[in-house]
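Quick one: the structure is below, and I'll ask about it shortly.
Naming follows writing order (A, B and C), and every chain is counted from residue 1.
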């Protein structure tokens, strides 16, 4: 089909590196801007490191490692596993946000709606219906799919900043419902405690935290694979092409609207599944799960890590979650308490520090942590600079 | 080239590159505009004429050398370049449609003593319509507003982008007359599709193709070289005979409009 | 009948608050293309400084109230001008990064307010007249509603006068329509940027003081909750249109009040529904540019 190759070419045009051998499909796997010469070797090293990393992460609950200052205790303790599982879920959620912003160029301020739909949907169904976990999850998923189609198809009538405002408004409506506590379903401000009657035993209780940890890890790996796959699929290419030049894609006879909607829905479905696991991990639902703050947190993670990079989203998610946890611990420490007010007040507010850090990254580290790291590691190569350039372009195109 | 204040060109461009959304639209363009008369910037549609004009005053991201009256200005923001003596008449007029004619003109005044008198003489129509929203004017009247905005101030050069585009033949003649009048006191760099107007006004010509300069020289010599115009502009100038009867002019204007619309 | 009148005036009072936030948002977006998430923080700062004034100088006098309005507006204006001058300006033409900066700023600012004034709402008192009611067509309208409405109308008139009759007003109107052409006439449009931020911040700060009387309390989250409805108002009214913002602010707030009363507390939904309908049938908003 001519349209397919055309669309692929459109996506690849900015990448001016010569590529005698690579087929469009093979280049596609390559995460933009990287010279394909590094491709095979780089990917093999990357894959090997990835597998080794995953094996280590799988074994972590069985080991007795300590990372003082990062983890609250040795790696086998429930406290540490809980934090690590949270890191993984947030990294996975940031990946789904990357799918919106980094791939489709959609600056959504309503992603929390679907995360919250997963959390509260599953919580309410388990509370009120006597069905096992998997059917309950399926039912929740159905609700999310319908919701994402409705909201997505309306919001995508506008783009850029208006899209951001509209998605925010819809998410806010969701947040309001949760706060209003209709017929006692959501628990209002108090939230909802997970009813465990119909859950499998191995997911219940503090002693089983490591099972939940493995579940979170599985979710992260699965989401990473799916996001990679979507990005390299035809829809991913068209989305990237639309991001760069919507008019050209229209001229080619493709439907940018449908492709954006598809990515919007996929991203919503994935984040709702993450929300469901979040419910299990936290043993309950809190209103924050559906608030604009959560969306903003995901956005901050993606930007901290580096817009347009899957690893950036993962690193941003983990980094933010750990920093947030450590800063909260710091805020309650005696050292901070002893400071004069001028220092104590700002330092005891984790969000103040994170917000300031975020502003500094946007101002001084375009390309985020990954972009900066690459720039430092490979001063001579243009890769780091490319990363920064790509992040900037994605942000420009989202406008 | 030695650019001294009196003998040198008023505008010198060297190695100008410009990008829009990551795409190169102007590639290594170099040319000069002499300190008197009208210089035409020619080329087929979409070769980067408008982008070149915009790049000169920094409306799009660009690199390269831009020298105005012997002073390098490429590092300056747009408003400073304009204040140093550039009058800009954009493609499609770009009047502020929700401002009145008088407001459009007042906004453009940057000299201590703007030449309101001159503008009123040149465009008596605008005086009568000064309280009207500029968006409700006809295309020709909007072009008058756009020209008037540039002529209000004392400029070192005028950059005029397709001033006759989409206008009726009678208005085209009026615009051309105004430009000829203006050119007596200020040099003009003119982008123009209507070759009859170019023939009437321009002394020099710079021809672009694919974002690059492919020809510079005398405007009439260029237009008389049918093979060259055919190759670089894609139009035959034979149809446009040298006699400038109003009818021939009108026919040509209509034809070139059609061409513009078709492309 | 009296219920309808009461709902109408309550809606108008709330609409006045929405307008005070949305006016700045809409002008900033129209001129600069920046969606300002920090606008709620300008409002909250205005509300807290106004409360500090009231607390220190005796809450029930009219002079205190007027002073708190002034100080709240100035606090909002200074914060906004600082935001534009120190943070936004560095990222000229990079709209999304500018939005991200305002997101970070609103996070940091709200956290700082938490730290300074605590997370709980603080209750506020105005002149005794505020607590009284005035009877109109049989409805007893709380007087603070009138104050909000009068203030918003005055701000609207002042803004219209400024936009119509001053050179900077003209530059802002022209810039909303076509920013690059304004610079191409030799005008430094960035001065207008600082100006719209300052004006928007002042209106938000004023709105903050009024909101604290309307709701009877101040909390660090006050701005954020009003901001979201102000976003909806600006989209419905048409981004960049001041008149559109005024009409939509009143329409949204009145609709919200009536739905809350007659449709069992569904005001917020009806508003989001209205937003969806406007987007479906008129994506550029009621008075927005059609391009």
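Heads up, the rule we're going with is that a residue touches a chain if its C-beta (ideal position, glycine included) is under 8 Å from a C-beta of that chain, and two chains touch if they have at least 3 such contacts.
Predicted, not measured: the structure shown is a model, and the values here were computed from it.
More contacting C-beta pairs link the chains of B-C than the other of the two pairs B-C and A-B.
Note: the chain lying farthest from subunit A is B, by mean C-alpha position.
Subunit C has its Cα centroid 32 Å from the Cα centroid of subunit A.
Rounded to whole angstrom, the centroid-to-centroid distance between subunit B and subunit C, based on C-alpha atoms, equals 44 Å. Rounded to whole angstrom units, the spacing between the C-alpha centres of subunit A and subunit B is 50.
Multi-chain contact residues of subunit A, defined as those touching 2 or more other chains: 396. On subunit A, the positions that touch subunit B within their shared complex are 14, 244-245, 393, 396-397. Interface residues of subunit A, counted against subunit C in their complex, comprise 107, 154-155, 157-158, 161-162, 164-166, 168-170, 172-173, 176-177, 180, 292, 296, 299-300, 303, 345-346, 348-352, 354-356, 358-359, 362-363, 366, 392, 395-396, 398-399. Considering their complex, residues 21-22 of subunit B touch subunit A. Of all the residues in subunit C, the ones that touch subunit B in their complex are 167, 170-171, 173-174, 177-178, 180-189. Listed in rising order, the residues of subunit B touching subunit C in the complex are 57, 59, 77-79, 82-83, 88, 90, 94, 96-99, 103, 106-108, 110, 149, 153.
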